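Pasting a structure below so you can have a look.
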Amino acid sequence: MEGRSDLLRHLEAVLFIADEPVPTADLAVLFELPSNRIEELVLSLRDDYEQSRRGIVLRSVAGGWRLATHPDSAPYLERFVGEQRHGRLSQAALETLAIVAYRQPVSRGQLAEIRGVSSDGVLRTLIARGVVIEVGRDPGPGQAILYGTSQVFLERLGLNDLSELPELADFMPDSKAVERMESGLGPGL
Amino acid sequence: MEGRSDLLRHLEAVLFIADEPVPTADLAVLFELPSNRIEELVLSLRDDYEQSRRGIVLRSVAGGWRLATHPDSAPYLERFVGEQRHGRLSQAALETLAIVAYRQPVSRGQLAEIRGVSSDGVLRTLIARGVVIEVGRDPGPGQAILYGTSQVFLERLGLNDLSELPELADFMPDSKAVERMESGLGPGL
Amino acid sequence: MTYAVKLDVFEGPLDLLLHLISKERVNVADVCIADVTEEYLRATAALGEVDLETASSFLILAATLLELKSLKLLPSRSTVDPELRLLLEERDRLLHKLVVYATFKKVAVQLENRMTANLGYHSRAAELPDELVPAAPEILRGLTAQKLAQAAVRALTPPDKPSVDTSHITRITVSLEEMVTQLRSRLEREGSGSFRQMFGSARSRIDVVMALLAVLELFKSQAVDIEQERPFGEISLTYRPPASGAA
């Protein structure tokens, strides 16, 4: 059995890495402890943050626990975020956006298949920034959510509609590559 | 003027929100403090984490400061995240990564020349993992794309910059091994 | 002798060559190509499907081994022979490639160790909290339709077909047919001569091999008589005109 402080640090690490609020029940399963024990630990972690005046707070939101920055630091965070590369599209985000733009409607699974890695993180960013939106459901089994680009996306790029996206063929290095790519492209666009 | 502990919590909040290592210089601009003051603050935050046995550590990596979970919590994190975030790379991918790291900027052709086979497939994996990125174009005819390693690569290896890579010369086969290769290759003089 | 050709440990022809030379400690000139081939076929059959890249890598390697074997079979007479020097230079080039490759192979292990040591550190894949989104710069700032199209092309183009570097294998510059024609017309003109005289100007060892094959071809069609007094001695060639009836 691990001591209380060990459990606390593992709990902190899990909450640190989580990108969504973590329900008590999930933590109970993870640490193989009853929910009331988890509640106790989480609350003691929260008190610890408060008492030691940390920049991080532990919040109970939307049915779960989540770490967040202390509101007092907001001015610094806003300046930091405004100046940092946070605003820039990463290469992964740019590629994901490009695939969504040219192959929409597209599911997470299709994106992962094309890029060879999960695109969930960048997709979430693109959705949060309003440039990618849900556009429907796959009629097939599983009913996967399908994604497409938003009106905001068109406006930012100065396009009236998707038909004004440049022809990919104009950007291909050579004709052979065009053939290879077309065979990989669906009938969509 | 804000007190030391206030600065520390703002610093913690900024590092919490950052999505890549933050250089001391950026923090100096943000907090309007000389770099050596920032270093002092960062190190005291790091010591604080260590002494209070937190689940989070502060690392100096890829030319900046980065919060990460303590390795002790790794088993819980892997269970929590579901899969290993950074899956193992294949032998071919590691070899290609090593060549890119030491020979950057390097083209596909140069990679194939060194390995004796095309590295296109593994190169794509490395790019999708974010450890290799396009860094430019060969000015010569053909304008081959040139590849190099990314910040993520440094972070994954726990290096601050490329100069911290081990000396390639230390990994040369010794004279006995070279002799064996030479005699293995056929008739000498 | 058997050679354990475990395909999963080989990623390229240099890898396989390196393995044969430094791990098995064999002299490639003594490697039986048939044995290696048999092992290779057995391994691919076990895999169930043939990976094009591995298969072509294997062919390249087999060709390399054959060429090195041919180097061994022909006697090296003099160190000043320019042709021999060329061959040795070629061999040195391959040796150099092997050394460079072996170095990277070794350092790759070190990189992997470092990565493994750092596996336990997980950083946040930090999504910007909603309250900070307004403070962030416009995410599409600076993005043009052209840049987007370029990114789409990059993302949607499948990787190039696997290709194999053949630069370490000597190209055949003269075909057997051409060599036979050349040799026949020269013998018609000169009547006889030594093999060395005839082919002293051959550009590379592979050309010498082709010349020898041409001589054997003419011998088979009874257009030449061959004489060699002792092993590795001069080979003298004498032209045999076609039977008078055909002339």
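Descriptive notes on the structure:
We just call them A, B and C in the order they show up, numbering each chain from 1.
The working rule: a contact is a pair of C-beta atoms (placed from the backbone, for glycine too) under 8 Å apart; a residue touches a chain by one contact, two chains touch by 3 or more.
Everything quoted here is computed from the prediction, not taken from an experiment.
Across every pairing of chains, the maximum count of C-beta contacts belongs to B-C.
With centres taken as mean CA coordinates, the chain nearest to the overall protein centre is B. Averaging C-alpha coordinates per chain and comparing to subunit B, the farthest chain turns out to be C. One finds 34 Å separating the Cα centroids of subunit B and subunit C.
As a whole-number value, the distance joining the C-alpha centres of subunit A and subunit C reads 47 Å.
Here the CA centre of subunit A is 23 Å from the CA centre of subunit B.
Residue positions 16-19, 67, 69-70, 72-73, 77, 81, 124 of subunit B each touch two or more of the other chains. Across the assembly, subunit C contributes residues 122, 124-125, 128-129, 132 that each touch 2 or more other chains.
Subunit C makes touch with subunit A in their complex at residues 122, 124-125, 127-133, 135-141, 143-158. Remark: subunit C residues 9, 11-15, 18, 20-22, 25-29, 53, 57, 60, 68-69, 71-72, 76, 79, 88, 91, 94-95, 97-112, 114-115, 117-126, 128-129, 132, 159-160, 162-165, 167-168 touch subunit B in the complex. Subunit A contributes residues 5-6, 8-14, 16-18, 30-31, 52-56, 67, 69-70, 72-73, 76-77, 79-81, 83-86, 91-92, 115-117 to its touches with subunit B in the complex. On the subunit B side of its complex with subunit C, the touching residues are 16-19, 57, 59, 66-74, 77, 81, 84-86, 89-92, 94-95, 97-99, 101-102, 108, 112-118, 120-121, 123-124, 155-159, 166, 168, 171-173, 177-178, 180-187, 189.
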